[in-house]
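Notes for the one structure printed next.
Chain naming follows the written order as A, B, C and D, and within any one chain the residues start at number 1.
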């Protein structure tokens, strides 16, 4: 679809949020509570934190929650009744005021969950999700989207991208059919516009390396000592993977209460020792350095080859969340010059 | 509506309280049938998480009982347990888990009557408190939903 | 700062240690744990008020386990962790040289375990006043409110286990949460799973936690985990006069007993 | 395959029709679909695997150990080791379990037509092999000589004892069984020695021959060099991997090795393919 250019007044956002809510859609947006900015359900525009550079966690939980029911079951005396999830109950959701990197994150995630075989739960959630992002006015030292094919005003992944072009106005690019559906439903809130050059209105983020170089370098670096060196201070937690918008690894767990039970899917991380450990005790990735290598290789070598998508959008969340300051951009830069 | 019948789980040691409970039975002392006894080698073996597991599995009250001090079959298991209970009770209190629903006691193999009293009084107390809804909701209903 | 560097450089230059665990400049305005094996690398070593990571954690990691001997830049929290680890037979005195630094940032030179014990005792203890106030606030809540407070506080937990991974005392090869036969603690990060996990962890650290606050610092969603452990440490100090991280020979409160322990709560 | 299922995580319900004790802690289940329609729609090919689940304990991964030529049921053989296998071992005939599958790729037996086959298996790794062995034996005229070399730690640990006997009795199969030194019994008439050693003793010709190897990592490690010495090229050596898996279709991420997912792109790999992967299996 060709991008439709529109304008929307800041003062109209309040009406937009309210009307989206009354139409039965759930609106999720960055909300700061107890000093933490994360996506939360909002009912009015006042609740939204438009200033944060990025939420602590990505928007991925809107389509890939940290814990999610895959099926439930009921055990009877001599049988088991399996109840599948009701996909029709999955709500329509708007991801509002996320960043372009949040939106871009859904692309590699979608590739994981829908290539070869389709994960219907994920797909339904994504189909029912509309993404209205806002271009970044600010960036911090951890942002590196421009190095991984993104930008502070990147449209990919978003259905509508808003860019603040004045104190009062957002420039709105309607990118997809889903975006157009929102435009059509609330056409009175939007005004026509010509194409606007967004560059002066968004943050400048220097490009530090390119995904092509990383991909090329990795071809010869598997046995390199760089992994030992970089992973030395890694404590082996899963914070990086869990806040990452593109990490899709999960675990499947059963929980039973009496005769009823559920089979859950919950986030998992390649950084954990037990992620790959066999029952026999044999572990293909015994050392933390191997697990760190897997993380980088998966995002910059394996995933591009399997699914033609890089598994990193440059949001810098992993680096911000890391307790031992493993800065992924810095490490990638080191790989690029290796 | 029928009266609320609490589910009470008793974690008891094999050597004293379990034998004591046996004595209650053989002495034909009648006591509340709301209690389900789980026998352990020693109170020192009772992992505190078992208590929360019991609540999570639908218990409304818990009794933990073993040998009197200095009577432990393994010399000191109940002493270690006593400290652990103190600390566990503290953290439960702090985290808002209802410690009125957890009763600790020493019941020796000769105290059949005391066992009946403990069970009956706990039963009465839990009846007053009602079902442990907040924990059951968190540990069961929310998960199955 | 210069003194620390001098000591560190000498230790490496004179081959007294193979490895020094310290800090270097990190990304943005952060500092980060770093490892030095050559005297010339020491120029990168820094120490300032941001160096609050409890790097005693690395003593149980491969890099330190492989070294025959090492030195560590140790603020009182690190010193206390080392003493506690030593008391649990996790680190030998002859293997480690402690470069002690007070909470004010003053280098006190190399410490053997005896000196470390003295140092540990003279340094301030406790947690931030706002954390203490939070404990009091929670304790003053009615039961149900307290329960809801914690359920809500734990609800953002994503079970990344950063609290465990960055805790020097969490060195078990196989954590209780990984025990799956039966599954002891629920794996899923739902509210109930989170409550049990943090409760279990606090209990396992009871009497062993040295209150460095690292769990709270590393938590990506800022759960006030440190106050759980602190509340227990405080209780244990009051009740059993036992304090972790003060002595290299020490048995944690829950591994010992006295015949006069309180039992007014036991029927 | 899961066409009428709501999601790809929904299992078929299967009834345990028969349980065979193969060795200490090793059992074989014969499973039948509860729903006749499922049974009709279901098909698999040799080499594929499935996710077997006990509701309440979780899922576990085994290959389908029966041959696709034997219709109407599937079989799996497992050693009791972890949480789910322990729970499985406690089940009785008539109990119900879940099954998702089939997943993964296949042994390219169509390409092996007119060739000699050498199967080399160790311990509990015979089950994945058994499917392909029976498949080839049921299509016996398609292949030339069939040799099976199977070893286990001890005589008791040999699985499929009845079938081993049956194969021994067949004139069109050359079977060699061996046990590790010290694992023999006084009655033991087979060989004594490790699989790679026995393999080099027997020295099957690599001429027009495919070798299929499956066993514990240590056996694999020492078997490949022997095969190489015998003149087997990497394209003619196959193995089946079993990494830790959860989902079975390349999403959960844990069986990712290099650019492949063992569950989706494997589990069957030729040695040539294996050598292109990092050694994370």
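Assume a residue touches a chain if its C-beta (ideal position, glycine included) is under 8 Å from a C-beta of that chain, and two chains touch if they have at least 3 such contacts.
Just so it is clear, the structure is predicted and the values come from calculations on it, not from any experiment.
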_Among the chains here, which has the CA centroid at the largest distance from subunit C's centroid?_
D
*If you tally the C-beta contacts, which comes out ahead, A-C or C-D?*
A-C
_Using mean CA coordinates as chain centres, what's the gap between subunit A and subunit C in Å?_
32
_Separation of subunit B from subunit D, taking each centre as the mean of its C-alpha atoms, in whole Å_ = 49
_Length of the line joining the C-alpha centres of subunit A and subunit D, rounded to whole Å_ = 39
*asked:* Could you pull out the residues of subunit D that touch at least 2 other chains?
replied: 82
*Mind pulling the subunit C residues that touch 2 or more other chains?*
183, 188, 190
*Among the residues of subunit A, which ones contact at least 2 other chains?*
251, 253, 255, 261
*Chain pairs in touch?*
A-B, A-C, A-D, B-C, C-D
*Using the touch definition up top, name the residues of subunit A that touch subunit B in the complex.*
72, 255, 257-258, 260-262
*Which of the residues in subunit D come into contact with subunit C in the complex?*
82-83, 86
*Parts of subunit C lying in touch with subunit B, wherever the complex brings them together*: 138-139, 141, 143-151, 184-185, 188, 190-192, 195-196, 199-200, 202-203, 206-207, 228, 231-232, 235-236, 239-240, 253-259, 261-263, 265-267
*Please give the residue numbers of subunit B that touch subunit C in the complex, ascending.*
48-49, 52, 56, 69-70, 76, 79-80, 82-91, 94-98, 103-106, 118, 134-135, 138-139, 142-143
_Which residues of subunit B touch subunit A once you look at their complex with the stated criterion?_
56-58, 139-140, 143-144
